[in-house]
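Note that the chains take the letters A, B, C, D, E and F in the order they are written out, and that residue 1 is the start of every chain.
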Amino acid sequence: MIMRKAIYPGTFDPITNGHINILEKATRLFDEIVLAVANITGKDTLFSTEERLYLCQESVKHIKEVKVVSFDGLVVDFAREIDAVTMIRGLRAVSDFEYELQLALMNKNVYQKIDTVFLVPDSQYLYLSSSIVRQVIGLGGRLHDHIPQIVEDAIIRRFQEKNLKDLKG
Amino acid sequence: MIMRKAIYPGTFDPITNGHINILEKATRLFDEIVLAVANITGKDTLFSTEERLYLCQESVKHIKEVKVVSFDGLVVDFAREIDAVTMIRGLRAVSDFEYELQLALMNKNVYQKIDTVFLVPDSQYLYLSSSIVRQVIGLGGRLHDHIPQIVEDAIIRRFQEKNLKDLKG
Amino acid sequence: MIMRKAIYPGTFDPITNGHINILEKATRLFDEIVLAVANITGKDTLFSTEERLYLCQESVKHIKEVKVVSFDGLVVDFAREIDAVTMIRGLRAVSDFEYELQLALMNKNVYQKIDTVFLVPDSQYLYLSSSIVRQVIGLGGRLHDHIPQIVEDAIIRRFQEKNLKDLKG
Amino acid sequence: MIMRKAIYPGTFDPITNGHINILEKATRLFDEIVLAVANITGKDTLFSTEERLYLCQESVKHIKEVKVVSFDGLVVDFAREIDAVTMIRGLRAVSDFEYELQLALMNKNVYQKIDTVFLVPDSQYLYLSSSIVRQVIGLGGRLHDHIPQIVEDAIIRRFQEKNLKDLKG
Amino acid sequence: MIMRKAIYPGTFDPITNGHINILEKATRLFDEIVLAVANITGKDTLFSTEERLYLCQESVKHIKEVKVVSFDGLVVDFAREIDAVTMIRGLRAVSDFEYELQLALMNKNVYQKIDTVFLVPDSQYLYLSSSIVRQVIGLGGRLHDHIPQIVEDAIIRRFQEKNLKDLKG
Amino acid sequence: MIMRKAIYPGTFDPITNGHINILEKATRLFDEIVLAVANITGKDTLFSTEERLYLCQESVKHIKEVKVVSFDGLVVDFAREIDAVTMIRGLRAVSDFEYELQLALMNKNVYQKIDTVFLVPDSQYLYLSSSIVRQVIGLGGRLHDHIPQIVEDAIIRRFQEKNLKDLKG
């Protein structure tokens, strides 16, 4: 038996119970899983890289195989650097399936040793995405069963800050 | 580290280089992979179960982690029987993606412990399927790079027998 | 307010809890719903038209707005005959969505007054279909939560008869 | 017979003949239809909420069952407020079908009583969307048969103002 | 300028106005178009190869660039034989798009010189297929605007023969 | 035989080997092909219209049938102006197929004489797009086999300028 290591990259803006469900399933396949948070800055994300790292760390601390880090540049370069030859992606009903194939092929093109495995979350998470979470909560809705409590609190606080800023504007 | 075992079920009528490519990738994730050939009889398959088993065994004997067997009934019942909690599926560009999700969810419904992982074959196999292999060779074409030599020989022989029977018929 | 009548056509081979869920939702929109079972005979269905009618009647007798009948020929001709201008279709994740649009447009082409409404079943039925029910139970599986008890019993009995016939055959 | 009320939400930037066609079909199913214009402000819409409300009101005044209003926040919260348990969506050939299912399920998750019905517009509107209307007219094209005259005039005027501003810019 | 020749292969069971529309568009691109009818025999087609050839010939005799022939075996082998390096396919809204790509790539794999061009029929034919034509007319419907008169007559006659045979059975 | 002229419109930000492959295939069908670069200005493109024109001209100068120009406004108006009745589009595995059909129909709606032909690039380009090229190189990756050398150099230079500006910024 060999030591198996995988990378699970994403923006995680924010992490949802769907991501956590994928990580729990991944522990069946891998001895170590690196949750890799893309270091994207600017106005396109709701949370800064530091905030996303913190929310991920707090949300997955019960899964001992997972290590949370951030990365810059191409994800395959980072995979090579940490010596991971498998990339994990969640496959939801709202996945852009063709885009996922494109990414998997392009990544292999840049780094020949990397392969992608797709995992399916449990059915209650099949239609869940970070963007719908931001949208629903931003409009005043609640999604208790779909995100960790700490994430829900952070989103609500963020939208309150935004509204305050708009008022002062 | 734990011992990891997976089942890769299918009709394999016949096995193609796409299937073999998936198996080779699966050895990165699992210590043992059971290639499970569905025992379907009747006029819908080109080869009998015994023939399909033989072609699979010959085609994968270079991959030491793979064991070829046939099974009856529900694949999840067979998975439970052999104590496998992971099912492997290849995800090609011509996959019926929604159908794959349906299968994965139904399987989980019948056997709560089973999960499905999807692997992407190398790009030259993205558009390959057993049915297009049967169709092309049945019409007189050749597909050297897409199936093992032993499989190509078997298909050609099978269609020659068929044509002979039609002539006598 | 006007009297609203709709037709819900299909093969119902057999009726599932997904169909019943759609009918329950349809009572919000219509005063009368005609569950129209296609009179298809031959070896392609598991149950005869009479059997399918009986299973439907027993399974929906708690929904007072629903009337179960069988029909021959084009469904739009039957809709015209019973004076229904709305056709109900369930829209599942495994729907062949383009095919559904094709049917809706062709039906309108033949009978200008007919329109199609698509209803989404509750999430536990999104991946359910009559064919997967036949397949799972035919292979020895169980689907308690997805079909009425009377339907499950009928399918099991049917496959036992089949196996007996195969043994004698 | 009961009183049936539905909500038809959207940005309507601008309303097209496809939307109006859906509304006309919806009068067969509902006694009252609330056309609900999302109150989105900022640079992402071509028209302000007030302008979109006005164009909708003028374009549907011939359909007596329709009431035009604007709303803030989650559409399901607004549906609950006005006591509507059915949401109408148009299902076009260019619909993002998976996204529509995601929305329908998320809405049900937030407000258990709400259901979504999908209506198919007549075939000439199957490929029509507000965004393609904005794009074609913005580039100098004409789409007489796809939008009300008042809407076409408003778009042309808007692009003239924009160009003037760019020149002065 | 060079002489341009293309092959338009299919089963044409039967030819529809959608096929004819594609052929008319193809005359803009090619000097000669070979409508190639697959010689498939057996119970899977409504019309024999001879009947399909006849219906095609009668239906396209007004298009001087088109020549109607039948072929056996792989379509790419036939294309090579008649020295055609371009294959025409119609791209409808109900096309199985991924399957079309698979075919195009497999064909190129067998015959390196062949390329596929996809043409889009006019919008009234976007949802038309031979199978829906057979189905609608077989159930007693009419589709005047979608097939040539000679084809409609032939289908009706065929179904009358079938019913007579079933009665005598 | 008539003179055949086509237009191949796009943003080409930047041109890739996939585009060039489509152009090479198009020379089989057309005597003259106008590569039409959309004159879009602003922050949404990586290269200015002049830069994109230059990169296209340098990259296709070996294909004598191709003429590179830029255009403003609706592409169909430009097609009419230069007397082209055929529009070329590449059909990749990551194409938004429904959107392509929408465009083809809308274009025909505005200019009745225009038709669209779709060409499939060779398999190594099936998953290639300008946006994935920008993304991979922007993050430090290399794509030698997918873009002309002159284009790769230009992208690297552009990102270096950007980073410099950000540092000074």
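Operating definition for what follows: a contact is a pair of C-beta atoms (placed from the backbone, for glycine too) under 8 Å apart; a residue touches a chain by one contact, two chains touch by 3 or more.
Computed from a predicted structure; not experimentally measured.
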Shortest walk length in steps over touching chains, subunit A through to subunit E: 2
Reference subunit A; chain at largest CA-centroid distance: E
Same vs different contact residues, subunit C with subunit E, by half of numbers used: different
Longest centre-to-centre distance from subunit C, chain (CA-based): F
Interchain centroid distance [CA atoms averaged], subunit B/subunit F, Å: 40
Interchain centroid distance [CA atoms averaged], subunit E/subunit F, Å: 32
Multi-chain contact residues (two or more partners), subunit D: 93, 98, 101, 105, 123, 126-127
Interface residues, subunit F side, partner subunit D - complex: 73-74, 76-77, 98-99, 101-102, 105-106, 109-110
Subunit A contact footprint on subunit F (complex, rising order): 93-94, 127, 129, 132, 136, 139-143, 146
Subunit B partner contacts - residues on subunit A that touch it in the complex: 1, 3-4, 25, 28-31, 85-86, 91, 93, 97-98, 101, 104-105, 108, 115-120, 122-123, 126
